[in-house]
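Letters A, B, C, D and E mark the chains in the order given here, with residues in each chain numbered from 1 onward.
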Amino acid sequence: MSRLVTENLTVRFGGHVAVNGVSCSFEPGTLTAIVGPNGAGKTTYFNLISGQLPASAGTVHLGDRDLSRLPASGRTRAGLGRAFQLTNLFPRLTVLENVRLAVQAARDGAHRRGLNLWSVWSDHAALRERADAILADIALKDKEHELVANLPHGDQRKLEVAMLMALEPQVFMFDEPTAGMNAAEAPVILDLIRRLKADRTKTILLVEHKMDVVRELADRIIVLHNGTLVADGDPATVIASPIVQEAYLGVAKEAA
Amino acid sequence: MKGLDLDWKPLALVPVLALAVLPFIGSGSTWVTLTVAGLAMGMIIFIIASGLTLVFGLMDVLNFGHGVFIALGAFVATSVLGSMGDWTGSESLWRNLVAVVPAMLVAMAVAAAIGLAFERLIVRPVYGNHLKQILITMGGMIIGEELIKVIWGPLQIPLPLPPGMRGTLLLGDAAVEKYRLIAVVVGLAVFAGLLWTLTRTKLGLLIRAGVQDREMVESLGYRIHVLFVGVFVAGSALAGLGGVMWGLYQQNVVPQMGAQVNVLIFIVLIIGGLGSTGGALIGALLVGLMANYTGFLVPKAALFSNIALMLAVLLWRPQGVYALSR
Amino acid sequence: MNDNLLTLEGVHTHIGAYHILHGVDLVVPRGQLTMLLGRNGAGKTTTLRTIMGLWKASRGRVTLAGRDITALPTPQIAGLGVAYVPETMGIFADLTVRENMLLAARAARHASQMDESRLQWIFSLFPAVEKFWNHPAGKLSGGQKQMLAVSRAIVEPRELLVIDEPSKGLAPAIINNMIDAFAQLKESGVTILLVEQNFNFAKRLGDTVAVMDNGQVVHAGSMQALADDEDLQQSLLGLAL
Amino acid sequence: QGKDLKIAHIYSRTGPLEAYGKQTQVGLLMGLEYATGGTMAVNGRKIVVLEKDDQGKPDLGKSLLATAYADDKVDLAIGPTSSGVALAMLPVAEEYKKILLVEPAVADAITGEKWNKYIFRTGRNSSQDAISNAVAVDKDGVSIAMLAQDYAFGRDGVKAFKEALKKSKIVHEEYLPPTTTDFTAGLQRLIAALKDKPGRKIIEVVWAGGTPPYNALADADLKNRFGIEVASGGNILPAMTSYKRFPGMEGAAYYYFGIPKNPANEAMVAMHYKQFKSPPDFFTAGGFSAGMAVVAALKKTNGDTGADKLITAMEGMSFDTPKGKMTFRKEDHQAMQSMYHFRIKDDPAFAWGVPELVREIKPEEMTVPVKNKR
Amino acid sequence: MLARLLSHDFPRSRVLAVVLVALLLALAFAPFLVPGVKALNVAAKVLVFVVLVASFDLLLGYTGIVSFAHTMFFGIGAYGVAIAFTRLGPGWGALGLGIAAALALSFVLALGIGLFSLRVRAIFFSMITLAVAAAFQTLASQLSDITGGEDGLTFKVPELLSPSHEFAAEPFLGVSLDGRLACYYLLFVTALVLVLALLRIVNSPFGRVLQAIRENEFRAEAIGYRVVVYRTTSAILSALFATLAGAMLALWLRYNGPDTSLSFEVMLDVLLIVVIGGMGTIYGAAIGSGLFVVAQSYLQDLLRIASEAAAGLPWLAALLSPDRWLLWLGVLFVLSVYYFPTGVVGRLRALQAPARPRPVSPAAAVPAASTRKKSKQGDYVENS
């Protein structure tokens, strides 16, 4: 099984360095929480890994495969999966169609199935079933024919996660999956993550501001601050560390 | 706007282009003639494009009907000038201006009025939907053009330039048409006016914000709608002015004249970058110069000079020379 | 009546073919902070949008300081001193942070004319706003956008703040600042209506609370009462954690 | 007897050439009326004119002509306004074996390589235009620079003009896009080419529609600066307003209402003033001539409209027109006709520069090449 | 069987189904229903436009690319055939060669356009295509020795398809069985096949990916679809179909010129038809073409009658004069946007299922009122 390794990953926007030489490796079967103040560079770090942004320097490897040159789609096909912080779906397609598109792309199916001009979409029953299963899992089945644009925020967050599940990637990257979900809904997502963890083969990265969630799920925490990796270790120690206490939990004022 | 004070490269484009061709043209006087004429033509183009910088550049409305207001302005001018013969006929520039200035004002007023109706009937239902904008404003374009034919007839109408504005000024061997200099003055005035309103007031910001998220702007307490109407009307009025200038330059007007310049001014805006007055000016000047230089050096290519220019600029800056980050 | 700044009486709202709000009754006492809670899809956002006139109530009436605003166009409602932070934050991505703030400051024609001391106060709460003053707002991080959105709402004094999930995606430190901010605003007599998912946040701030479920207010009362009553929380909000 | 005589007139009621087309239609009706002495009938057969609008689109013109011949069962057709449309129509006439009388489309090819025996033309062709203009300026030691639109019409014109020149020589050919509005560059090239030439220097303009270059030429003040003169053919009246600024300019015209002296022309001018309070123009004359040609032919066949009868009747037929006598020559059915060498006078009484007759160029003087193969 | 033919994309509205069948029958028997040259010409034009518009719908309705250069490919097809016949004489070989060459050229250009469309913003792109199309038209009229310039090319087609060729001496049901008829039915079959093919493509998994890209290109890329590939493929496909439509046109007209196949007017008609018919529904192309082409062909006749009726009121008569038919075309543009935001097809389907909006994918089929523009607020990578 293949580990995800980022080597000296860096990106500059004009003068400002959003992510600064982050070298880190993530083992399959572990869930790593990434915490840090707003603007610390967490999402940007994800963007660099999943190829949404070109890195100014540094490399990304999955196992012995170098992903650094690949476009986003290429990296997804290589096994990276990503759910976005700001919901980012196909608003005028139905919930079902959204998920089915992801299922169709799953396991390197993107081009094999996607470039299929001649078969009829509705014929691919297998894909449909898989999609239904996922929607059932995340309690969106009853809304599968709604247009995504009409869903309440919380449900859109759920769908965001469902899309990631549908891709069946090796690496799961969650960016604040429960932001704006109420206490009754959040567990649905958290359960999914727990189950992923349980099967011990997936590499899971989780950006989350809710400390209780982090405490419960994380095997390991890394802390980003002004784009640099400032702490890395097991939850208890990291949370206890002064940097987190000040810069993040805000015992003293932080500087974005 | 912020572009203007920081970003100098585009400003350099014009002189660079001018100097670059000098060796190929050889004769200095010819070069002067071509360059001055080109710049002046650029100014005229800028005037007719200026209205669209508001409507397309800021409000993001793909108004193919814009040409109608240009034609309208020109036709109104024929009527007004026609009705004050002795002033237009006179040899003195001042007496001519007495005729031409009111013609401009009337043209702008009429264009503005029609603009109001146009916004209400044609544009309002389709804000934020480019495809529908294209279709419905195309419709507006056709209707407008046909109505002009109904009112003024389908024929070409001569719009003779008042004698005082004709002829050329000679600088040595180089010749510059008087009228083009007048155009330069008008153009600069329009430019200054636009630049002031867009940078010294919140107007520009509000429009751009409104285009991105109407509801939010309203939630902040601004009657965005009134604003849009106002800007659209202003744009139409400028188009009317442009029409007068263009008509007087060609010295005849045809109902199709609007459609004829449409593509050109869209190109100018794209080169300039949407919503940037400075960009539009530079774009216009570049287009004007290019036309003359290619026309002199490789006439065959003249037809394609604009497109070549546009593609070149977009390869350099895909957003146009001055993109307000969009 | 006059001690209730905002009241909704039997408000129904339709969106397209959908009937979303089924008779919402809600009172927002003047000078207090009212929390609007409820599960996803309960209709909180729709309620706020109806208050702002972004959706029109098909039945019932909304009154602000005794004045019926049910049918008023949004700009006028805002003009009456209401500031709104939508769920989607409504950041103008192409404009810089400064320009975003300038638009929110209705009185100012220039950045220079914005109330300096108030800005400083905002900067102290949300440092990111100052740090990225001249950056395109679209480039901000999720949380920074959220900060900007709230900053915009408080850049000028307003009578009523209507805010949809402000704590979403914010680091704990910033959440603390925000809590301080709302507290201070309340001091200065501002009335606030907050939609919030983060119950701890809600607990620490709210005076009164209303809980919604599928398009209706199913519980209204003092925050204290709800905070103390575990079972009520359980039944209303399903707080299992 | 008595069955109606159906004639289809297919022309640009709308489209870019709308203005021209309408003149033709007016002229045609007047011509028919005049030629039939107001009865609008030949041998008791009433003449009915069906108007069809080709919108200046060749494909449309083509299907309209087919419709006219097949569905409307017309006996013969007249038109169209644009050369492009005409060329597309020619084969249709051959398919349906019926006469098409071309007026006013000018392209040489119509009576040239694309011709077939059902095609006649009352309108002048490019060669006639060019040759007459050449005759008007052709003198020893004259250097001529051509200024023309860069498409078939322009290039045809220049070619024919060159062939027709005997004495003077072409020193430069400037082709500009038909839609040109800024002539600065072109002028600079023309000046460069001409200014150091000895003797008389002339810019010959071959231009139709669009924005004609005359104002630009006038503004450039060439005569005083470089001693360069401008010459050009006739044009429709609105276009000739800019001629006012070239008093003394010489060229050759197809028609100007003040020039020809004959009953037909006097009648037409009178009718036109009566109806429209304005003089007839270029294309009115064309339409009028076509009308007279048709009636003359029908009279000759006693109203028989069989194509072959008509062809035999019309080949070599001479007939009166506002431009005097015309003759369909046997070889290519092109109507041979006079052209008018004019000199422009700026007469304040008129809105346009008035072309005064220098001399009539008789058909015999113009050796118009026969370009068709039969 | 039928289901497979229609790729499981049924009209989903009884009325619509009826209309479609009616249209099909009308076209199939046009020569016998309304004899006469004009009627046949109109019917043939409908056939050509059905294909042209459907191909454009693939680009616009399904991929969300607004390109004004579509007529360019239409023209290439037409010129391909025209030039081949003019140069090589009226043989089937010439036809094949012409079409092949045209397809090849279209392929290359479409490839270029498809790639370029990713470099610049959407509006810019459409503006650029506008300019390019204009340039191409000028080019076509400039190269007069190949293209016949402004005047275009008139040519002969294979004997079998030309009017002079008689299959039967005496007419059948009052219609002479000549080459024109053969040509018409050739077009009919071709059109039918091409449209069904397009229907299949848009209902394939590929078609869905296109819609996804139209909706949110950024996310499509993120879930593993290489946007460039799909965009370009779609651009090329629609170009090729347009080219074939062009070939059909030339074959029928036995003439081609810049205004006939390249003019911006044609582009406008296509746009209008897509909207009238209903974007993102291949069926819309068929219905729209039917309505529009017929209307356009008889508009002037209608106006003539109307204006004579209104002779009493001079100003009204002036407006109704057949010469001002364009005016009414313009009005049609405006009204179609007002009253057919989702096109005829959208309308009919809405009638069918009023309550919840069925999962119809095309953007056009969603009432704009009830959709939040969330996607605008996307992750900032979108706008960096």
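Here, a residue touches a chain if its C-beta (ideal position, glycine included) is under 8 Å from a C-beta of that chain, and two chains touch if they have at least 3 such contacts.
This structure is a prediction, so every number in the text was calculated from the model and none was measured.
Taken together, chain C and chain E share the touching chains A, B. Path length between chain B and chain C in the chain contact graph, taken as the least number of steps between touching chains: 1. By C-beta contact pairs, the most connected chain pair is A-E. Centroid analysis (C-alpha atoms only) places D farthest from chain A. Ranked by separation of Cα centres from chain E, the top chain is C. Separating the centre of chain A from that of chain C, both taken as means of CA atoms, is a distance of 29 Å.
Chain D has its Cα centroid 37 Å from the Cα centroid of chain B.
A straight line joining the Cα centres of chain C and chain D is 77 Å long.
Per-chain CA centroids place chain A at a distance of 43 Å from chain E. Those residues of chain E in touch with two or more other chains are numbered 138, 142, 323-324, 326, 356-357, 370, 372-374, 376-377, 383-384.
In chain A, 13, 43, 85-86, 150 are the positions where the chain touches two or more neighbouring chains simultaneously. Contact with two or more other chains is made by residues 154, 212-213, 303, 325-326 of chain B. On the side of chain A, the complex with chain C involves touching residues 13, 36-39, 42-44, 85-86, 150-155, 175-176, 179-187, 209, 211-212, 247-250, 253-256.
In the complex of the two chains, the chain C residues touching chain A come out as 15, 18, 37-41, 45, 87, 126-128, 131, 139-144, 146-147, 165, 168-174, 176-177, 197, 199, 237-241.
Only residues 4, 7-8, 200-201, 203-209, 211-212, 215-216, 218-227, 229-230, 233, 237, 356-359, 361, 363, 366, 370-375, 377-379, 381-382, 384 of chain E touch chain A when the two sit together in their complex. Taken in their complex, chain D has these residues touching chain E: 13-14, 18, 53, 56-59, 62-63, 66-67, 70-71, 83-84, 87-88, 90-91, 95, 107, 109, 114, 150-153, 155, 177. Partner chain B is touched in their complex by these residues of chain D: 14, 16, 18-19, 150, 174-177, 179, 181-182, 184-186, 188-189, 192, 211, 215, 218-221, 225, 238-239, 241-242, 351.
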